[in-house]
């Protein structure tokens, strides 16, 4: 992967690893001019993505998502709550993103990572605004009881594009979620039904006979890109993220809506006005969207393998 | 195509702006910024010696502390802090004062919609007041997209709740007055057409987003002029524009 | 808004009423274990090194439903407040995920287990080989299925080996629960919840040395020695599995 050096800078006298550590930016620039990245990927290629469903036996729904070596474990536990007065027929979702100290050398115990609450907020915003989940489906007894889905996402290995992996694992966990069969007991509490009870009730309440799945109307997919000079690098690793600071995250859902375009600071994103289209045309964004669509198709394949219904 | 806004504004009209600088004595720089009833106070301390965690031998460090009007700081505030920090980092020239930290404290006085853009504008004015070296100014704006696809600029809290989606956009202020004709990276594209920060909430179509960009950019020119007029008043007294 | 994190206190997990009563089988003379193992039979153990790429060394262990990941970082700079030290420092932490236990927990650190992990490993690591610096051993229990601490200890020593930290020997750990007269090796969560007492050994099998021994509850002297022997034998077997896992990883790296 190392190219012979023809330039007169230090790189010709230095070991590659030392050069990489001392002059990370120049190391990357040298790669970029050859249109290749240090991990041998072309600039606009995302890393291999895999999803495994049902990784946690103690949860009602769970999924393990990997993008390259970035690993996310998402698990959903269902609990019962009293719905709020404003929306008596709606359940709710509580999303928390955790970065335990095992995931990265930068996280120490007792000092939670700065990124964790921000990512948590971003994830719940995205999942709420994508209308992936119909909260009415989480209702149990109108005004009395509804499900609250606790979604906890743990980052097991942090190697860049954390949001993408977290969102993927969250969507997969919801698709795996099976809502337990419950009944209202005499104290007004919700209890899990045992096998014999199920048989007894099956005639009277046919809708509550077996474990239920949520209908996911749309599924959001995201792609993070690094913008550096005129280069776009899709799906950055942690090393790339630390060296080149301008990140853009685009979230699309399966119906093609733009759920989020997130670019906190960084260098100015230039767009050329294409007069003939009568639209302001940011080529960066359009390209990011295209890559995102590709990624979406490959993820969709994953979902098809696991037989998950997507209503696109 | 007419939509009625509660305060009788046109969709592209901003609320009255006002800004006063140098209002706190102990801070190195301060500013209060209000857009209609939304008001934010920002104070800048620094550049001062860096704390152990933030110290960087090559660059100055920026830290942002968000103080909500009431109550504890939660996840939304942490997100605001991060967005503000990243935005300000990209407009300040960090290499002038390496190994230092500039703290920006943002106090929300009243939230009536478009809070984050208002805070970004306030922080920007406070940084100027503190004399922190900057590449250019930034102007922030909130665009709301209604169910029917209309774009409203600078929505109030009430309007925000009715929107299906909104976008917070930060544009660079024109730098033409400082350096005429800078070598811009893309073919003759003026820098003020770019975006520094974009944060969106809610789902919208891609076209809606571009519409937001277009409207936001048009309105940002007015904000830019206002900021610029502020700079020319070296007295540092309060000024008003409408 | 869909997310209302503030409402946690008022929610509850629906419990299965049939599970409330403790199974009485444990007191009978001829009962079988819930997973139909023999009393002196361990669960099948699965280990894999290199689970976390961003760590210097890591390992994943799975014993039935008990699943843990351990990452090792370092040797790296000690905290600034630390005094100079001729020998290296070991820093251990164990935390649980919120979904590790059947009822959703807080996912907080387990201080007691952290210090026990520290004590179990300290004796096996050649601390002189990394003066002034710190090695961090962080564990996350993904799912708790009983015998959590012994699994974490074994997994941590494997992660240390993966990180190339010098050790006298691998540390393996096994626990035994006693229920009445019966000794149950490698107990699962249900068995632990109704045990009369337990014994846990962490040892270096090749050197036949014990790094940690904890006993809780009442135990007669003959039973104690029987339990210890049971654990030591199981530890030796566990060490073989871990060794073959390391060998596999090494030969895979060579190729």
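Structure notes:
Going by the order they are written in, the chains are A, B and C; count residues from 1 in each one.
FYI, contacts are C-beta pairs under 8 Å (C-beta built on N, C-alpha and C of every residue); 3 or more make two chains touch, one makes a residue touch a chain.
The structure displayed is predicted, hence computed values, not measured ones.
Contact with both chain A and chain B is made by no chain of the assembly. Using CA-based centroids throughout, the chain positioned farthest away from chain C is B.
Chain centres here are Cα means. That of chain A falls 28 Å from that of chain B. One inter-chain figure worth recording: chain B and chain C are separated by 51 Å, centre to centre, where each centre is the mean of the chain's CA atoms.
Centre-to-centre separation between chain A and chain C, using Cα means, comes to 30 Å.
Chain B has residues 75 in contact with two or more other chains. Multi-chain contact residues of chain C (touching two or more other chains) are listed as 5. Those residues of chain B lying in contact with chain A across their complex are 74-76, 78-79, 82-83, 85-90, 165, 167, 172, 184-187, 189, 191, 193-210, 213-214, 217.
The touching residues of chain A, counted against chain C in their complex, run 56-59, 62, 69, 71, 73, 75, 77-82, 84, 92-96, 98, 100-105, 108-110, 124, 127-128, 133, 135, 148, 150, 152, 154, 156-159, 180, 182, 185, 189-192, 194, 238. Contact residues of chain C toward chain A in the complex are 1-5, 7-8, 10-18, 51-55, 58, 65, 69-71, 73, 76, 93, 95, 97-102, 104, 107, 109, 136, 138-140, 142-144. Listing the residues of chain A that touch chain B in their complex gives 114-115, 117-118, 120-122, 125, 129-131, 229-230, 245-246, 248, 253, 256-273, 279-282, 289.
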